[in-house]
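The first chain written gets the first letter, and so on, giving A, B, C and D; residue counts start at 1 in each chain.
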Amino acid sequence: MSAAFVLAQLLNGLQLGLMLFLLAAGLTLIFGIMGLVNLAHGSFYMIGAFVAATLQAWTGHFALALAGGVGAAIILGIAVESALLRPLYRRGHLDQVLVTFGLILFFNEATRLLWGSGGLSMQPPAVLASEIQLLPGLPYPSYRLAISGVGCLVVVLLSLLLGRTRIGMLIRAGARDHAMVSALGVNIKLVYSLVFGLGAMLAGLAGVMTGPIIAVEVGMGEAILIQTFVVVVLGGIGSVKGSFVAALAVGLADSLGRAFLPLLLGGFLAPTTVSAVAPAAASTVIYLLMAATLLWRPQGLLGHRR
Amino acid sequence: MRATRLVVAYATLMLLAGGAQAADHITIGYSTTLTGPLAVEGEQMVNAFSLALEHLDNKLGGLPATLVIADDQAKPQVGVQNAHRLLERDKADLLAGMLLSNVTEAILNAVLPEGAAVIASGGVPAPYAGKDCSRNFISTFWNTDTPYEQIGLYLKRQGIKRPYVIGLNVQPGRDALNGFKLGMGGEMAGETYTRVDQSEFASELTDIRRVAPDAVVWFNPGGTGIAFLKQYVQAGLINSVPLYGMTIQTDESKFPALGDAAIGVKSVGNWSPELDNDSNRHFVAAYRAKYGRLPTTLGAMAYDNALLIDAAVRAVGGDLSDKAKLVAAARRADFASVRGKIRFNNNNVPIQNFYLNVVEKGPDGVLRNKLAATVASEVSDPHAKDCPLTW
Amino acid sequence: MAALLEVRGLCKTFGALAVNQSVDLTVEANQIHALIGPNGAGKTTFLAQLAGDIRPDAGTILFDGTDITGLPAHRRAHLGIARSYQVARLFPDSTVHDNVALAVQACSRWARSVGRAAAGIGELNEPVAALLERVELAHRSRIPAGILAHGERRKLELAMALASRPRLLLLDEPLAGMGVEESQATVALLDRLRRDAAILLVEHDVQAVFALADRMSVLVFGKVLASGDPPTVRRNPEVQRAYLATSGEVPPC
Amino acid sequence: MIPRRLVVIGLIFAVLAAVPLYGADYYTGLATKIMIFGLAALGLDALVGIGGMISFGHAAFFGIGAYVAGLFGKSGIDEGLIVWPTAIAVAALFGAVIGSLSLRTRGAAFIMITLAFAQMLFFIAASLPALGTSDGIGLPHRNSLAGHSLGRAVDFHYVVLLLLAGALALTDFLARTPFGRAVDGIRQNEPRMGALGYNPTIYQLACFIFGAAVTGLAGALVANLSLFAAPDNLHWMTSGTLLVIVILGGVGSLFGSVLGAAVLIVLEEVLAEVTDHWMMILGPVLIAVVLFGGNGLAGFLLRRPHGRTS
């Protein structure tokens, strides 16, 4: 097994982790600040991808598609927040779960009605369509590197926003202690809309960025949503930093699990047993990681006891 | 007590009336998937089946036909519930359609013991192609391992030595790859199964690069298959390691989502829009005129499904009471399949030809599958020998 | 005689805010010890640490000679510490009777019973009736606690705190929101309770405090300013300056 | 006078008992399905409505029960008196493990963790060839009961009816015992219960295990209904469906689960025949019920502020 192989697998894990972070960052803030369980977060991811794919098909420009997809996610996010979710902040989690579950059904079906059930195609921008030679013996798709780059950029911008601006500090304080925001006497409705819009924007961005490498299809949001939940719980609810660490951990665990578990099991099991057991084992890695972390720190890696 | 006597009287009446009696009407209970990611395939099936009915003046074997469609949501339990509703409430004379083999298996488990007839066009569950084959069940399609066995035989002839197999971790996926190994023989360079909701294949593709096989054989007919194919192309592997799968993974219904990533992909199937026979030309032209695009393999199978029922009902003279007789008539039926003349094996699965298709972009800029070669002729599926039925 | 409750060097900070700074406090058995101080002095946080709802950053809590600093709330309850809350939420969906029944069964052998319906267990229901009688809520026993008036909730809190026959009662403003008559009756009740249990009383009603307390401590900005019998504390110039003089006779609640 | 709650419950069971007398097997099967999902949701209502624990992974236990029945069926054991108690026990065992881990958290984290555990089981079931991967495990035929065949839809219907009635009576009784009241108290005010001397986690865990066991039985029955244990039984959409049933029926009302199941299943049947896009109608209906529905059907029928107020 070459170093290039291991390195490539690490890059794969990092890239998956950064995508998960884009979804988890918004989700953890929404959980933390508003106490809102938002199952429909994946819908913004889906809508972003669908709008972007449509725009790309019309105009042929990736940048336009990116702007449109992210914009659509923001608009939809703010609309949903102000129209439907606002009355839910004071209600229990149960109501929130049910309403956002209903939203998933609605958005999925509405998307199918608008775009059909066949899914859409999205291409990477022409300059990023090929692979590049990272190291001798390590070719890597350049678009995947671009995804990682965008992920890193968001990490930096988000940490600046949360760490250096007044509104960012308010958001952080509020995510850590729900009572803090109202105590500080800011316009709470505005903060909520802002945070929700930010979350929807990041989810939409993730949808647009992954669009060219996956199938843009109805239901794409749910598959990734549950991994995102694992990230949020693992990192600690309300902690963006925690989400970042957890996203990378989950991304690496998932990628490396799929890459190395079969090889590892192959060391002492028959090939037929490996092909039977390895897929099941690899798909439980991230959940075992979560269970182990919770035994040790119920509040998550960087979460606060609440 | 009175009720019992009434029933007895009714039964006697029926016995007296008995024997062959032509029905004046036929109801088809059509079960397929119309929600979720597979809806796109289900819609093709319904389109093609309806088109066939149109061509037959809404009659099957001369009987005015009613089509009752049910969506199984790709769930076995919903499929079973639908089957009961179609048979008991809607009084369907037979069930048709069927898409996913695991849903079909659940439905067959539930309705065959009750004596219902199923004349389907979907994937045949391996047990029902083999030891559990039934006199009441027939399909116009295949069981998934058959095309993959043919891919294996084909690649062996092409001199491939170290193939890498990657399949969706579902039963048809395991059947398919086992079928391939059966045809290919020998060792695989690698074997991987992927999660049903997995849309990120970087790990697996990196592994393929490490192993450097001389061909990759894939099974992933759902939405995640589209992701796999796109990532395979983006990783540059498509130029260095040829990729083979079955045609329904890369046909018309997938082109909108695949885009140009599909160009050059090779696949093996039992049908092509380019097959040169009267029935196929008529079907393809009419489908294109009505729906604005080429039909898919599953659409073609559904069209055959309707033609097969038509021929069978005609053969039994409209007597729908004996279901086994109806299915027996179907397997012998002389019908104008879009695949040319086909016949059925003892397990009621077609003996058919297999073709190599390659996706290319036509001069009009539209993607299509080009019929490149005939891979094998008159192929029996590997399960037929396990089926105890003789005819 | 050893002290029933002995607190040494208790510290608790929230972020940059030191809520309790090395608090020492001793409560003798069968005494009423009043804890007074202006709003935000850290009294409720202090009680919460004694009851086990909040974990202190440093310091030890000894109850009857046992170190209970790390014990969870329910274990302390079983040792004989009962608590009433400043903001009484109770169990709003349950009836007044069932609220007290929950408190009665908590430390009884019935706590985890699944053998009989609770309504039919005399051993649980008789003490409930007696407790409700004692706090003068018997007539309200069949209505949901969520619709009680404020003063009535305080009484219910008290009844529930008494249900486990505790040796130490931690009462957080038991008189808040009560009318004059109710207030007097409750003071009389607390006075009688002294025979059964020690009481650590957080209360803003200074008249009541001076009427009841055997000893008192003054907590200001998280520190104990003075401790002793009421006349001594009253004369303490620091206390007068920091608390009594600045905020008037009766601080608002 | 008989309490209105008992009258309503009596009417529900009378209707369910009457279905096979008037309907074809298809309707009987539909009514059986309603009862089985009602039973599964009853287990969840014990958690949500009485224990205040919102599990979004309750399908785990539904699936476990189904797979137990499937594995027994595969190995040729079809005596319900063996299969069903085993399904209950295995579901309870998994409930103990998942519950004790999940109960280290509360609120939103609890919701997500239960969801994640259920997904983990889903992937194990969907990937292991020994469990049939996507095909699941077929049952050759229905379980028998003390040697009597339940092959006829009607017989199975009445057995399910009895089991449902028994489970409902048991849950209702347990809710009224001191233990049940303590669990209810923890739902209302957990810190207060701690101060009174209750260890909340123990009570909640016991409630979690009970709910898992009830739903596990429902799982074994659903496998009998469709002669199939499928990964779908474990899927998070099934968890969502169970929660929807609980809400529709009225949280904490227990018997409301049957009503919720009836409404959802009938609605699904009717809407699916009207349009393929029925989820587009169901979604907003759900949202409307939550936002404006009060406490579900039970709340509507009993017209009281809260289902469990005695």
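The rule is short, and it goes like this: contacts are C-beta pairs under 8 Å (C-beta built on N, C-alpha and C of every residue); 3 or more make two chains touch, one makes a residue touch a chain.
Values in this document were obtained by computation on a predicted structure and should not be read as measured data.
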Query raised in the report: How many hops, at fewest, get you from chain A to chain B via touching chains?
Result: 1
**Report entry** Length of the shortest touching-chain route, chain A through to chain D
**Finding:** 1
Report summary line: Most remote chain w.r.t. Chain C, using mean C-alpha positions, is B
Query raised in the report: Using CA atom means as chain centres, which chain is nearest the centre of all the protein shown?
Result: D
Query - Interface with more contacting C-beta pairs, comparing C-D to B-D - result: C-D
Report summary line: Cα centroid separation, chain C vs chain D, in Å, comes to 42
Report summary line: Rounded to the nearest Å, the gap separating the Cα centres of chain B and chain C is 74
Query raised in the report: If you average the CA atoms of chain A and of chain C, how far apart do the two points sit, in angstrom?
Result: 47
**Report entry** Whole-Å separation of chain centres (CA-atom averages), chain B against chain D
**Finding:** 36
Query raised in the report: For chain A, what residues touch not just one other chain but two or more?
Result: 112, 279, 283
Report task. Among the residues of chain B, pick out those that touch two or more other chains and give their numbers. Result -> 35, 39, 169, 193, 195
Query - chain C residues counted as touching two or more neighbouring chains - result: none
Query raised in the report: Chain adjacency by touch: line, ring, star, complete or other shape?
Result: other
**Report entry** Touching pairs - complete list by chain label
**Finding:** A-B, A-D, B-D, C-D
**Report entry** Footprint of chain D on chain B - complex, ascending
**Finding:** 34-35, 39, 70-71, 75-77, 80-81, 84-85, 87-89, 101-102, 105-106, 109-110, 125, 169-174, 193, 195-196
**Report entry** Residues of chain A defined as touching chain B within the complex
**Finding:** 1-2, 5, 8-9, 12, 15-16, 112, 116-124, 129-131, 139, 141, 143-144, 210, 212-220, 223-224, 255-256, 258-259, 262, 271, 275, 278-279, 282-283
Query raised in the report: For chain B, which residues are in contact with chain A within the complex?
Result: 35-37, 39-40, 43, 169, 191-195, 197-200, 202-204, 206-207, 209-210, 223-227, 230-231, 234-236, 253-261
Query raised in the report: Along chain D, where are the residues that touch chain B in the complex?
Result: 24-27, 29-30, 33, 123, 126-127, 129, 132-136, 138, 222, 225-228, 230, 232-233, 269, 272, 276, 279
Query raised in the report: So in the complex, which bits of chain D are touching chain C?
Result: 173-174, 176-182, 184-185, 188-189, 191-200, 202-203, 305-306, 308-310
